[in-house]
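The next part holds the structures, each set out as structure tokens.
Okay, so subunit A shows up in both of these, paired with subunit B first and subunit C after.
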Partner chain A sequence: MELAYPVGLVVVAASIIIGFTALVREKDDLHRILLTDLAEVLALVLIALVATDLAEALILPGLVVGISELMAVSEVYIAKEGLRAPEGPAFRIEVMDSAPGILALILVAYGIVLSGFTGGAIAAVGAVFYFMCRGHTEQFELIETVSGYAWAFWIGAFFIFMFLPAYWFFAVMIAGGAILLKVMAKMSLVGTMRRGGPDV
Partner chain B sequence: MPVTPEFVLGCIILIIGVIAAGFPRPTTYLSRLISLEIPGFGLLLIMLAYDEMLALLTFVGVTAISTFVLVRAIERKEAAP
Partner chain C sequence: MFNLPTTNIGGPEVFVLEFGDIVAYFSPYTAALFVFALIFTALVIVSRPERQVDIAFGGDAYYTKEVDPNLLRFQRFMAIACGLATLGAVMTGDVFNFTLFASMVGITNIGIVAAYRNRHVLNAAFQYGIVAMLATVPLFGGAAIVLAGTGTLSMWELFGGAMAVPLIAKAFLVLGVMGEGMAPFYIAKAEITRAQGAPFILMVHVSSLLLFLRVTEIVISM
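Entry: the complex of A and B
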């Protein structure tokens, strides 16, 4: 800790100066959105240098806020410029027909083993990849319902923590499983953005 | 904690990546998007040096989704006349 932390701080300070110089000199809006992603990475390095469990607890919400901010800004940009989906046939690659099944299965299984927020994110990547490659026909009301029940279970687990602390392990299991379902259901909706369902 | 090789490598890759992403040589959207992966890798190495496993895995997952979101915006921008 005695040497690594100051060295890391100097490196991050230099990176921030370079990154924001690039951001100031850039005129194009989409380039600026890309550089916002760079600024997010630099902020996460700054938090990671704390090097305790606190850093980990701060990075997770930082990532969530970063991805939702990026999605919102890119949506606003697309709406402001009046951009449309490209015409013509969809982009076809052979791997996109054969890979999604097995890859999504591996990612979702690994996500369930991890459980909690991280597991939800990993499983969601599998679901996003599957929806992106194969298209989607399922009802979104079902996903929304599952997500709502998962949230209720999550809150219920916190009540167990408060009123029946003896059963903490049971509550940990409920909370881990519920947040897995919740994050996965919400993030897998991202995968449906490409093929233009009625809700997009 | 002593300075580990992962930490040193992560710092070097971070600086290189910030320069590469800040001033890409052909200034196109795609080259900047690809260069953005380099500082991300530096961040991963720094997290690895500090044993932040949960943060590392979540960052990998979220980066895949954010790349997808950015590609969607770039695709529409390039298709516009």
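Entry: the complex of A and C
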């Protein structure tokens, strides 16, 4: 730590100088957005260099703020340039007809075995892929409802941790299952965005 | 009770709210800033936006421009969110939370400025957005160096004078807030102070002014 931190700081400082120089020289707006995103990663690196539990906990909010700023600036860019979603037939290849069923099944099953946040993300990748390839006719109110209940269960599990610590295993099981459902339900909606259905 | 090294933080504390070791507080100074931000947030909530009036040259005629209600609603929402972020920034007792609130002010300022369908205004909003994004580097970097140099982010421990906060961290914090609070300059460039939805634009000025005042207090006290 004693040696690694100053060395890391020097590396980050050099990277910041390189990144900002590139930004000054770059004239294309789209490329400048990408470069600012790279520069924001350096802020996270600065936090990560501290290398304590607290620093680890600070990275997530830092990342979220960075992404939301990136989205805001991208929206401004889209409005500024008057860009629209491309018209024409959707992208189709053969594997998108044959693979979704089996791949989604494997990913969702493996996600359920993992459970928790990671499991939710993996199961969601399966669901995203399925919705992207096969389209969707489902009612999203149902998914939203399941997601909402899962969130309530997750919070309830935390109340068990706080007030009935003796039942921690029960609470872990509830929280793990609920966050799996929650993350999966939320992320699977991403897969439906490409089709632009009436509910999205 | 959490054991606080400093009992006297920027003047006698008026109100203290503890979340573990994150202790939000009011001193007379920050309470004044808070009331100021609160008044302007309330004004944004109740105000009815004015219409831009154009006068036809060489006659008595004038006409008011149409305002898209959707954009106006979005702008009002962003202005209220900006007010709330400012409220958080002036009352928080944690350096990292302050930087988060400062970048939230930056994001909402982008939203307020960008709620026009005018090419010049959007260009200015885009440039400001780039600056605000880049400002997060020194902002978070400053907070990270404070954490690395002193081992804590709580203002209650940093304000005592017992901790030696590196000068570069203070400089980074000021630089970051300058970037996030730079919106008024871009607004002047885009000349949208006189444009539609004038009361919401006020929030940009108020929030950046309060951010500057607050970061001055933090840097001087550390």
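The rule is short, and it goes like this: the second predicted complex is superposed on the first by the 116 of 200 C-alpha atoms of A that agree within 3 Å, B and C clash if a C-alpha of one lies under 4 Å from a C-alpha of the other, contacts with A are read in each partner's own complex, and residues count from 1 in each chain.
Following the convention adopted for this analysis, a residue touches a chain if its C-beta (ideal position, glycine included) is under 8 Å from a C-beta of that chain, and two chains touch if they have at least 3 such contacts.
Owing to the predicted nature of the structure, the values given are computational and were not obtained by experimental measurement.
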### Which of subunit B and subunit C A:Trp151 touches, first, second, both or neither
neither
Request  = Using the superposition on chain A described above, determine whether A:Phe140 touches subunit B (first), subunit C (second), both, or neither.
outcome  = neither
Exercise. Counting only touches as set out at the top, which of subunit B and subunit C does A:Phe161 meet: first, second, both, neither?
Worked result: neither
Under the stated touch criterion, which partner chain does A:Leu42 make contact with: subunit B (first), subunit C (second), both, or neither? both
Subunit B versus subunit C as contact partner of A:Ser15, first or second or both or neither
first
Per residue count on subunit A, the busier partner among subunit B and subunit C is B
Practice item. Considering only the touch criterion stated at the top, classify A:Glu56 as touching first (subunit B), second (subunit C), both, or neither. Key: first
Which superposed partner A:Phe117 touches (first subunit B, second subunit C, both, neither): first
Original post:
Can A:Val65 be said to touch subunit B (first), subunit C (second), both, or neither?
Top reply: second
TODO: Identify the partner contact of A:Val76: answer first if only subunit B is touched, second if only subunit C is, both if each is, neither if none is.
DONE: second
Residue overlap on subunit A between the subunit B interface and the subunit C interface 23, 33, 37, 42, 44, 49, 55, 66, 70, 77
Residue positions on subunit A within touch of subunit B in the complex are 1-4, 7-8, 11-12, 14-15, 18-19, 21-23, 30-31, 33-35, 37-38, 41-42, 44-45, 48-49, 51, 55-56, 59-60, 63-64, 66-67, 70-71, 74, 77-78, 81, 83-87, 114, 116-118, 121-122, 124-125, 128, 132, 187, 190-191, 193-194
In the complex, the residues of subunit C that touch subunit A are 96, 100, 103-104, 106-107, 110-111, 114, 117, 119, 122-123, 125-126, 129-130, 132-134, 136-137, 139-141, 143-145, 147-148, 153
In the complex, the residues of subunit B that touch subunit A are 1-4, 7, 11, 14-15, 18-19, 21-23, 27, 29, 32-33, 36, 39-40, 42-43, 46-47, 49-50, 52, 54-55, 57-62, 64-66, 68-70, 72-77, 79-80
Note: in the complex, subunit A contacts subunit C through residues 5, 16, 20, 23, 29, 32-33, 36-37, 39-40, 42-44, 46-47, 49-50, 52, 54-55, 58, 61-62, 65-66, 68-70, 72-73, 75-77, 79-80
